[in-house]
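Note that the chains take the letters A, B, C and D in the order they are written out, and that residue 1 is the start of every chain.
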Amino acid sequence: MGDSLLYFIEVTIGGLLAGVMYSLVALGFVLIFKASGIFNFAQGVMALFAALTLVGLMEKLGVPAWVAIVMTIGVMILLAWLIERLVLQHLVNQDPIILFMATIGLAYVLEGVGDLMWGSDVKALNVGLPDGAVDWMFDLGIYVTKLELVAAATAAALVAVLAVFFQRTRIGRALRAVADDHQAALSVGISLRTIWVIVWSVSGIVALVAGIMWGSSSGVQFSLSLIALKALPVLILGGFTSIPGAIIGGLIIGVGEKWAEIYLGDYIGHAIENWFAYVLALAFLLIRPQGLFGEKIIERV
Amino acid sequence: MTQHERAIGDTLLKVDNISLGFGGVQALSNISFDIREHEIRAIIGPNGAGKTSMLNVINGFYHPQEGAITFKGEVRRAMRPHVAAKQGIARTFQNVALFKGMSTLDNIMTGRNLRMHKNILWQMLYYGPARTEEMEHRRRVEEIIDFLEIQAIRRVPVGKLPYGLQKRVELARALAMEPELLLLDEPMAGMNVEEKEDMCRFILDVNEQFGTTIALIEHDMGVVMDISDRVVVLDYGRKLADGTPDEVRGNQDVIDAYLGVPHDEGEA
Amino acid sequence: MLYREAGQFKTGYNTDQSIFPIRQDRWAIALFLAVAVVAVPLVIDDYWAKAVLLPLLVYAMATLGLNILVGYCGQISLGTGGFMAVGAFASYKLTTAFPDLNLIIVLLLSGCVTAAVGVLFGLPSLRIKGFYLAVATLAAQFFLVWLFNKVEWFYNYNATGQITMPPREVFGFLITGPEATPAATYLFALGFLIVFGLVAKNIVRGRVGRMWMAIRDMDIAAELIGVRPLMAKLSAFAVSSFYVGVAGGLYFTVWFGAVEVTEAFDINQSFQVLFMVIIGGLGSILGSFLGAAFLVLMPILLKNFMVNWLGVAAVTAKHVEITLLGVLIIFFLIVEPHGFARLWQILKEKLRLWPFPY
Amino acid sequence: MMFRKITLAIAVAAIAVPMAAATAPAAELTIPSLAYRTGPYAPNGIPFANGYADYWNLLNERDGGIEGSKIKVVECETAYNTKQGVECYENTKGEGAGALVYQPLSTGITYQLIPKASSDQIPVFSMGYGRTSAANGKVFDWIFNFPATYWDGATTIVQYIAEQEGGMDKLKGKKLALVYHNSAYGKEPIRTLEVMAEKFGYNLLLLPVDHPGQEQKATWLQVRKERPDWVMMWGWGVMNQVAVKEAASIRYPMDRFIGIWWSGSENDVLPAGDAANGYLSAAVHAPGADFGVHKDIMKFLYDKDKGAGERDRVGEVLYNRGLVAAMWTSEAIRTAMKIHGTNEPTAAQVRDGFENLKVDEARLAELGLKGFTYGIEISCENHSGPGKAAIQQWDAKAKQWRIISKYYDRLPEITGPLIEEDSAAYAKENNITPRSCN
């Protein structure tokens, strides 16, 4: 029985770490939704675009990884500026669903441009992240990959940085204000447009982090953009507006779907991870319609 | 002008010891009053007195923790709003709650919803029974449109109408339900003098011509005293006074409650 | 000057309530239908049928269905692909189990089956709203596709889970299978679309349509005037899913003839149909057709234009096509966020006054 | 108004172009190439399309076409999407004097074209993919899936495993896992493997992976728990890369992990780096650019800047797959020319060419492909050829695939009845009367 307990621990840890990977993608969604109420369909493609740019820069210019990363961050900020300039600015005060549609258009553009610029071959991404199983844990009988640990640490660091950014900086406070009330934000003295550029830049950088993690594990290629689908159940579970929600939601989804696949799979069939994640999120929603950490929806007349 | 030439009938709705709280806040405590057939009943009180909450309880949107409501002899504490609608209670809202994407006509037609019975299969066909029914109700709605003098805006999406007209369309929609009890939540808020006069006239006409019982919340004391038969005064969720406008006007508690509380239009 | 309604008087509520109150509109639509029903079948070939017109008709049908749910009732769904799969597999099971059953009945029954499934997955909408609901409907998408891939009964236990439509005749004309003529398949699908386009219009302009729109615009107020949210939302899910199911059935029976569920009905279908709804115009029957037309025709147009006219390499053309499609979507949203239906309306308003705008 | 009319005119014209093109007379051989250089599977589609294009261009540049008839390759982008594939098919089938043969490449498009192309009388060459039971030429007149089907692949892989274990009888009690793409393609080998499990007594563990397959944690945790003796894989796209990486991470011995021929290209192993060393896959042809034909391709195409892809990627596994597909197709066309005595064969005649196709070792040598693959012979009833496959292994140091086994014959006693059964079911459902082949 000791074996099955050990296996259970292994599955659980595996699920938690997979969940962290989902959270990394979900974070980008949350940032934008929180500050502007936009459901950014392009988040997955942004991760792909960032990773493609990173690999492209490393290959074409032959610069070291860290230089390429800094340059890619620059590209993502430029992208955020362009998006605000060319798209969002013209769609202020539109219905959420219209903005959602606009981000779909954006996803097409990024996909097309990314391919045109860097080609659609699969590219190995190597920024020096470790690979393979963690040795001492493996000897204990628990399989955990180093990359996932790095991802978990990165996610933790990212959340800490974001927390400091939101709590301690003037811009961060303005961002929180804008989430609550657009008028209030204006009174802080920062224009809405600046705020949008900032928030899209930040989520572009988050997309880059997600792109690096996922790209390191599977190579950079079009499929990378599909990781967005993994982040959606995390989003509804954690609430569209909550950063801790994205993390906790990710962990719950990760563990839940792994448990389901491994322990339920034998009874109802395998490859149930995908829909199980959604059903799990749905079940949570039925109890809390605003998600785990979302703001309560108060109805009045 | 306080006396109308219609017979005030028996009790239509009776509110017994209603208490309603949200978390720690007590919105209504132990409220009792009644509304009689064909009368115009005003509910007044300073901001936060619980007037809107009271209406919400009556038409089932809020569920009180204690007390009972008797409507047409039937006793209940809580019900779903659509059941209240079915029993003949219609309502307008403090902040207009029209269906913004629909035209004036469609908004009012929606008010006929409960009185239309042809099912979706007939509707798919359209020609035949569904159309006959639709035309029947359209005729009725056109009467209301004529009555409220909003013919010109029939086809306009209500979101594009000025506020005063929206309020009128909302009244039309409530009237289309042919309710026995009409709840009006600040029907004149945000209106200019002229619009107010029109609205007053409409309310009185509705009351007279259709014999509809009306309960209304209003801040404009002049209006309230002019058109209502009886007034109930709330403050901080409690009932302060209840009686004819004259009685209420002389009530010391009411005077105290209103002293230093400036009239604040638009909010309750 | 040609497009004037002066001198056309409405003599009753009947004429006032008709779909095309303006005479010129009626002529235009009659002409359009005549071309679609009579002229097109005379010149149609395989390419036009399989690559242009059938996709257009099938997607228009699905868009119509989704627009009822999203545009009229305000409930966002991303389960369209899954519901189309239900329609497709229902028609497959029905037509293989009862080979003599008329294909029209098969498709209608498939629609009904899908409606039932739609109602089931619509239940959460009573509690969940907005984007939360949208993402929650993805549960339906993923679950249904998994189910049809997993349970062998659905694909009659063949080796791969792939379903193929056997040849079927309707009124003596071969409609399905590879030997069916393009004109026959086209007319069959067109018939469905005309009938159900009309039915959709009838529903949305009547009591039920108003009920849905009331829920969409302000659900609380709707309930306070006697609309039951349960009935309104579930009926919207049912009707919408019926359409989507029939569209899925047509997709399988007359357009593709053979599908594999994981690819044919994947999540992209759900997104695609939602795009069509939004870009065409939420809450507009005409918009549903325009949206479907735009997203079906635009890529083909761009591709043929670039590859055949400009001589761009197929792959570059594809990348440019994707980019341009995105740019166009954003462009049209900026020009008119309420979709093509609104653009069309504005154009008509202008035309009504032309050439004397004052 | 004017603007709308113009747009409309452009719209009609642009869509109508393929129709106009259909009427243009041409003396060329039209070969459509349904390529997928975009979308989630683009990394695999690109080298195949390049190999396919390069071989046809080589024939044009070096030999002036086939028996004097120039070849016109019409590339159409499908993005591996069935809808676009159908559009491409309908768009290109009337091109020139009519398309001669289709290589649909995706499972979905293949299934789509099976009834369609049969009715249009255009042969479909689904080389080593698509519907396995199309091997039965009596039912599927127009479909060819040589040199080997997925079921052949399954039997050859099991034979290799048996050989490593020390004989077919040693399979008893062994545990074999199949990690597969949860789609029609991935499910193909299951029945064959089940029948063999019954016959040879091994245990079969089925582990589906949903598209796209970026996250396979659960799958490989199960592999860790069940500890199968061998893992087979029917994967595609990103799923392959992740699987190879995960297998390496759980330290599953890579030389006991065998992919089908679509799970064994450079793309699948390169992202995993050194960890992928030793990974195996089935193969129906050799990797590498050391053959005569590759030298010609360099000389006639890449040296003159006429190559379809990048020079250093000539000879990749999937490049060679495209090349061999073009080679067999061109030989079929040549055969058709011989049979019917024309240098402008129709699609129907090309089908006869396929049914009488014989490319033996000697002919391979003439084509500059000595040892590149095995000899094949197609007949009226057998459309799947000899169904042989070898095993190749990845050498991470040299970054090269190497064939490490002989070409195993399929086990006809296993696949035969299954093909019979499945094609009969198809024939019944679609009212097809199997033709006689005598």
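Some observations on this one:
What we mean here is this: a contact is a pair of C-beta atoms (placed from the backbone, for glycine too) under 8 Å apart; a residue touches a chain by one contact, two chains touch by 3 or more.
Values in this document were obtained by computation on a predicted structure and should not be read as measured data.
Using the mean of the Cα atoms as each chain's centre, the chain most removed from subunit B is D. Chain pairs A-D and C-D differ in how many C-beta pairs are in contact, and the one with more is C-D. Distance between chain centres (mean CA atoms), subunit A to subunit B: 49 Å. Mean C-alpha positions place subunit C and subunit D at a centre distance of 35 Å.
Centroids of subunit B and subunit C (each the mean of its C-alpha atoms) stand 41 Å apart.
Among the residues of subunit B, those touching two or more other chains are numbered 61, 93, 97. The set of subunit C residues touching two or more other chains comprises 146, 220-221, 224, 319, 322. Multi-chain contact residues of subunit A (touching two or more other chains) are listed as 115, 271, 274, 301.
Within the complex, the subunit B residues that touch subunit C are 59-61, 80-82, 84-86, 90-91, 93, 97-102, 106, 109-114, 116, 118, 120, 123-126, 130-131, 134-135, 138-139, 142, 173-174, 177.
Of all residues in subunit C, only 45-48, 50-52, 55, 96, 146, 149, 156, 158-162, 164, 166-167, 177-179, 256-260, 262-264, 266, 297, 300-301, 303-305, 308-309, 313-315, 317-319, 322, 351 touch subunit D in the complex they form. Within the complex, the subunit D residues that touch subunit A are 37-40, 42-43, 46, 182, 206-210, 212, 214-215, 217-219, 221-222, 224-225, 237-238, 241-242, 245, 248-251, 267, 270-271, 273, 275.
Within the complex formed with subunit A, the residues of subunit C that make contact are 70, 76, 124, 127-132, 135-136, 138-139, 142-143, 146, 150, 220-221, 224, 267, 271, 275, 278-279, 282, 316, 319-330, 333-334, 337. Against subunit C, in their complex, subunit A makes its touches with residues 39, 86-87, 90-91, 94-98, 100-102, 104-113, 115-116, 229, 232-233, 235-236, 240, 269, 271-272, 274-275, 278-279, 281-282, 285-286, 289-291, 297, 299, 301.
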